[in-house]
Each structure stands twice: as structure tokens, then as C-alpha cells.
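Each of the two complexes below includes chain A, the first together with chain B, the second together with chain C.
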Partner chain A sequence: MVTIKKNRLGLMGGAAVAALAFAGTAMADIGDNESLVVNGEIEMVIETDPPEHLQGVFDRIYSGWVFRSDETQAMQADDFENPGMIFADQAREAFDTVMGSEGNSCATCHENPESLADVRSTYPVWDEEHGTVQTVELQVNECMTERMGAEPYGYDSQEMRNMSALISSVGRGRIINVAMDGPAQETWEQGREIYYTRYGLLELSCANCHEQNYGNNIRADHLSQGQINAFPAYRLRNAQLNSVHGRFRGCIRDTRAETFAVGSPEFVALELYVATRGNGLTVEGPSIRN
Partner chain B sequence: MKRHTLLAAILTMAATTLNADVIAPSDVVMNEYGDISESLTGEGGNPERGIEVMTDRGLGNCIACHQVTALEEFQFHGEVGPSLDGVGSRWDAAALRGIVVNAKNAFPDSVMPSFYRVDGFIRPGDGYTGRAIEGPISPILSAQDVEDIVAYLQTLTD
Partner chain C sequence: MAENVTPRVRVPREASAGETVSIRTLISHPMESGQRRDSDGNVIPRSIINRFVCTFNGETVVDVTIEPSVSTNPYFQFDAVVPESGTFTFIWYDDDGSVYEETADIAVN
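And now, the complex of A and B:
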């Protein structure tokens, strides 16, 4: 047994090599010349070169779509098969409905949802007037409370997830290009800090699973890079739309940690950071996930 | 009368969990490699029960990250860590105990959780509720769980 101790370092190397070898095998499942064209017309970038700040971390970045089963992938390729689109259509009605004391609907000021097509690919974004980074959800609530005299939607409410699905859906196919510099930089750095922090009794960071182990299985789940370009996501497991912050909360909860709240400054910062990890992919929401 | 029996029952339970021979997480002694030579319960573990602890999601959930050929009847083995096949030939009991108690000693910065530790956590939660833990933190596994796992891992020889 003494020899084992002398060889400890060598054995550690062995374990690391074994883990890498596994990663190698699993990696063969991804990027095997698949392509995603929605409705036969919206071409998605499902893998591409990493943004500059991730060079040396990833060789390629991948949409979560790549890691899903053939059946799940197919559902996302056709709006008639995609239940997430039903919710986007519900929001289309809300968009034209007068809400609040000012007699306005969203359409009073934003001609139609399509006029917001550039939103999803550029959010979260620094809001000069409020001096904070805003997510799509915060921006919608800003319009409701400050321009319509309406009660805000709950951050993770059905109405808000529907509206977020609508705003994504009209921006599908646009290249994600979220800014991380200028006034947003401090928030971005806070998000990065959270991304690499090992929370909870299991002491697992986002990076432990989605950066070090994408392509590997953890129990029954095939780990993706944890990108948010495809949100909101309709999950077959709970048969509803899931928001970005809802997903973050689930992932942190599963490390046996105290999560942050949806809509919290911490999750806004994390969303900004994670969004920039997907710069170069395309907007896919509402997507289908298991 | 009823109250007394209940109290007596609680006291007996407390007596078994606070077994004087059990080494508490904070009292565990490791050598420079992270090996722990003394059994945490003062006794050998039960390898059969080790299987249960390793495969139960609420306990060790080891197969979430590790493939084990001998446990193939249990579904869904992960690939985050190396296969544990032959692990009993690679490590002795003290080293295996050390890895399960706190893998970060043997493998610095390891992704593997520390199963018998109670401090140093960031935002520890109450199980899988997402809420903060109230009161003192219990280790993920009990001393008995750890010993049962160590006993099982030793059977995984080449």
C-alpha cells in the first residue's frame, strides 16, 4: 500500500486522463453535422467559434439543442410541433390588449411584436435612464408600470413567460450580440463571479457542470454548455415554458444550495454573463427541452 | 405516561446517533495525502448496504458521476468522474475513506462533493428545497454510510 501513496500523483494523473477520455467519447455525439432550420426558413447557428472572452476555455460553443434527442430536436424545427408557440400566440393577444390607467396597449407604442425583433439578441442590456442592467422581463415591466399605469407582471408569471416567448420568437435566427463592456462591465463581472462559485453542500459551480463536463452524462442528463440563447424553453418534463431565471434557480437548488430569487440582482448579473457566453449563437426561443 | 415513553424513545435514538465511537466530521484525522486510517464508526462497514447508499439519489448518488460495471442493474451511470471498476485494487481502505469523506484532499479542486464535512460551504441549502439551511449542518452522509461505501468499494478489485 505504500507504493500506492508514492504513486498518488501518478494515479491522479490517471484519473484525470480517464475523465478526459470519457469526455472525448461523449463529445462524438455533438456537432455531428446536424443543422437546425425552423419552419424550413429560419437558419440557426447551433455551433460556432467561442466569443473572445471564452477563447482558451472552449474550442466551440454549442446551442443546448445539439445535446437533445432526435425527437426533441425535431419538435423545435416546426412551429406546429412546438407547444411553446401556443404561449407566444397568447402573448400576441395580450400585446394588443389595453392594460392599465393610461388606455395603452403595447401596440400603442410598439406597432407589432415584430418591431421588437432585435430585443432578445441584445438583452440583458444597460439601461441608461435607470442606471442598471435590464433583462427583457424588467424592460416589459418598466413599460407596464411607467408607460401604461399597469400592475407589473410577476417576474416568472405565466403572462411574463408568454411575453418573453413572443419577444424571443420574433427575434429567432438573429445572432446573439450582448454587450459586456462599458457601464455593464461591473455587472458582467459579478455574473462571472457567480458562474464560477461552488455553491451548496455539493459545492458545484455552473462551470463544474457546463464548462468542464458538457457532453458528459450526469445521471440520466446529457450536459450541455448551459447556454440561454434558446429561452424561454418549453420543457416536456413540466409541460410549460421555463424562464432563464427559473432554470438558474433549478440548477442552483440541485447543488443543495440556497438559491437566489428570480428577478434578483444576482440572477440579472448571471444572466448578463451567461448571455455573453453565447454571443455568436442564434436566438431560438421558445425552444423544446426534456 | 405517553409523553414519557416518547421521551424515552427520543433519548434512545439520540444515544445511538451520538454513539461515542463515531468520529464527528470535525474530529476526522487525515494524513498529508488525505488518507483516513481509522474507521469512522470504529467498525467495518456493510458492503451490501454500501450499494444502496451509492445508488440512492438522496444519499451518495455516486453513480450520477461514476460508471460501475457491477452496479449495471441500476440505471443511468454518469461520466463526470472515472469508472470505479477496480478501484479497490488502486486504493486501500484508508485512501478510499479519505476520498469519500473529502475528495478535495486527494484531488485538489475536484468536482466530487465532500460527503463527510460540515463547514466551509457557500450558501448551504436545506436539502433540495432551495431554501437556506437552518441550524447546524449535517454531513451529506453519516459515518455509517461512509463505512458501508468503503466496504463496498473494496470489493471492486480487478
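And now, the complex of A and C:
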């Protein structure tokens, strides 16, 4: 309950004066006194100033962690309590497993997962060689098909989500810094277009919920700012890792629209755009969410 | 045959004599109950961890019989009194005959 009050107060500026009477001290909670330190050593940025392109839109940007209950928040602070880490550990085994016709494993080129610590915080990124924007998942499959001679993982398969969780887990605590200029700009603008387009019978855009109504209730849950810095997310509702594109698909489906496919160019563009909305936050995945 | 079975334990490295410490254990395991059917209607055979034992310097701390209703990735947390420095040994017994073992040392000062 504290979470509800503090979010509503912290985020609805003008209305806060009237609300102060019943919520009192809770307001101080949002970001001010809360902090997320994973395993007692990885410090997360859970709120910060918005990136330049969002100035005037948000006063502050918040990790989705801020919007969760105390119990859910605590699960993410300790790898032993975080079921998402089980899947990351499974990927650690896959990392060392030789796959495909070339006799290579991930470790052949990358030595260990920790050598990929800078990946999650900078992806999606422009790929010069292929002339497209690459997500982490596309990059993994590029390695598998072009350098390992292996069958690619399904974009939203268990193996891929595990690998994505591993790559994210080794980069936790790094500041998100995804480039939106240069050759990626066209894709970025396409992503922004999708973000502000109303879809479905309910005619909702991403912005209707995550920009205009974050902190408010959506049925029994609280809307976040829709940041993707903490993906893949272990969701308590389905007890498994959920990918960014899986989440996009779920949101658009909930507007009662035909969704784009996971791994589609539209979702890659949207992922690039949404990722840049979180520039300044830290990599958190695998995180715990409702 | 269960795959990707990984035991994990969390035991404090140090304690004072006679102190009660909290021990956490987790083993990743599908814990297939034997009650479910696959898409062809065939029963998916039971495959669970059926017993979990923790000992300290050879003395039993807990000995747990696990039944099919226990969910995926069984997690046990319990307290133990530590009289002296020593080693906790954790053993999980799988339906398929596999035995998974993990140890953790604790120093009493």
C-alpha cells in the first residue's frame, strides 16, 4: 500500500497538495530513501534525470523496480532469492557447450560471459556489417549461424531468454547508454512513431499508459514508466523469464490489437527507442517483476 | 532424467560458538509430479527430488522426505546451531538415482 501512495504522490505533482493529508511520509519514499544494491555490491540507479530527448516529458525517469512492492524488490537484491539467476546459470553451461558444424562454443571467441559485460548496456546497436539495428537476441543468433554453423535459437525461446539473462546479469550496474544518432536514427524514429501510435480496439499507445499514467493503477497493478533496463524479467505471474519483445507483444495484445511478431523489425525499432528512454538507468536483468 | 540440476547453498562463513545460523538451499529441478499428461495423453513420468539431507560434521541437521506436490526448484531454509567449526554437507536424492552433493564450511571464532 505504501508503494501506491508514494507513487501517486511523487508523480502527480499538482494533485499532491490535497493528497498530502492522507499519505504524509510516504512521499519521501520514492527514490529518495530507497536504493537497490544487489548482493551487497552492485549499486543500481533506480531513478535519475531523463535523457535529453525526454526533457519536458518526464521530470525523472524510474526503473520499474521502484513501482513494485517491498517483498518483490527484496527478491531482486539477492541472487539467491532471484529465480531469474537459475536461468542465467543454465545459459552459463550452454555458453561453454560446443554447438554447430564449426566446433565452436560461445567461449571459443568470448572466453567467458563476463567479457560481454558491456553488451547489455549498449544494445540495441547499429550493425555496420549487416546495415541494420541488432538486438542482443539477433546478435546471439548471428554468432550461432555465421560463426558456429548452428541452428539459431528461437527469438523468444527458453534458451534465448536464458542467454539474454546471462548477458544481462554480467552487465548489471552498468549505465544504459544506447545510441540513437548516426545510422540508427532512422530506426529510432520508426520506434518513436510506434511508441506514440494508438493500437487496437482500445486505441492505446505505449505513451497513454507509461508516459501519462505511470504510478497509477491499472486494475490491481501499478503502471511503470515502461523502462526495459531490467529485462529479461522473471515475472511472478508466470514463473519464468520474459523477454522485452514478449512484453511488447503482451502490451499490444492487451490493447486488443493484432501484434507485431517477436523479433520483427517493428519491435526491434521499438526496443531501440524504448531503450534510449532509459539512458542513465542501470542494467538490472534478470529482474523480478509482478 | 532431469537436466540442468544445480544445487546451491548459502551458509554464513563465520559464526560464534553456539550461535543459531540461517541456512538457505536451493536446487534447480523440474519436479515433475507424475500427475500430468503430455499433448498425446500419455502420463509424464514422475521425476522429483525425493529426499534432502543436511549434516554438520556427520551429525544430521535435517532429513526431509519430499513428495510430488513440492514445486519446481525446491527451496529449503532452516536454522542450525553451530557448536564448532566444521562442514555442512547437503545431499539431494533424485528419483532417477542421481545424488547431488554440496558442502559449505563455517568457521567458529
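Here, the second predicted complex is superposed on the first by the 259 of 290 C-alpha atoms of A that agree within 3 Å, B and C clash if a C-alpha of one lies under 4 Å from a C-alpha of the other, contacts with A are read in each partner's own complex, and residues count from 1 in each chain.
Throughout what follows, a contact is a pair of C-beta atoms (placed from the backbone, for glycine too) under 8 Å apart; a residue touches a chain by one contact, two chains touch by 3 or more.
Just so you know, these numbers come straight off a predicted model, no measurement behind them.
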In the superposition, chain B vs chain C on chain A residues touched: B
First (chain B), second (chain C), both or neither touched by A:257: first
Touched partner set for A:90, first chain B, second chain C, both or neither: second
Which superposed partner A:249 touches (first chain B, second chain C, both, neither): first
Contacts of A:80 with chain B and chain C, given as first, second, both or neither: second
Which of chain B and chain C A:202 touches, first, second, both or neither: first
List of chain A residues in touch with chain C within their complex: 80, 83, 86, 89-90, 93, 239
Chain A - residues contacting chain B, complex: 1, 4-5, 8, 11-12, 15, 18-19, 22-23, 25-26, 197-204, 208-209, 212-213, 216-220, 249, 252-259
Chain C to chain A touching residues, read off their complex: 4, 6, 8, 10, 24, 26, 28, 72-73
Chain A partner contacts - residues on chain B that touch it in the complex: 33, 35, 57, 61, 63-65, 75-83, 90-92, 94-95, 106-107, 111, 113-114, 121-133, 137, 140
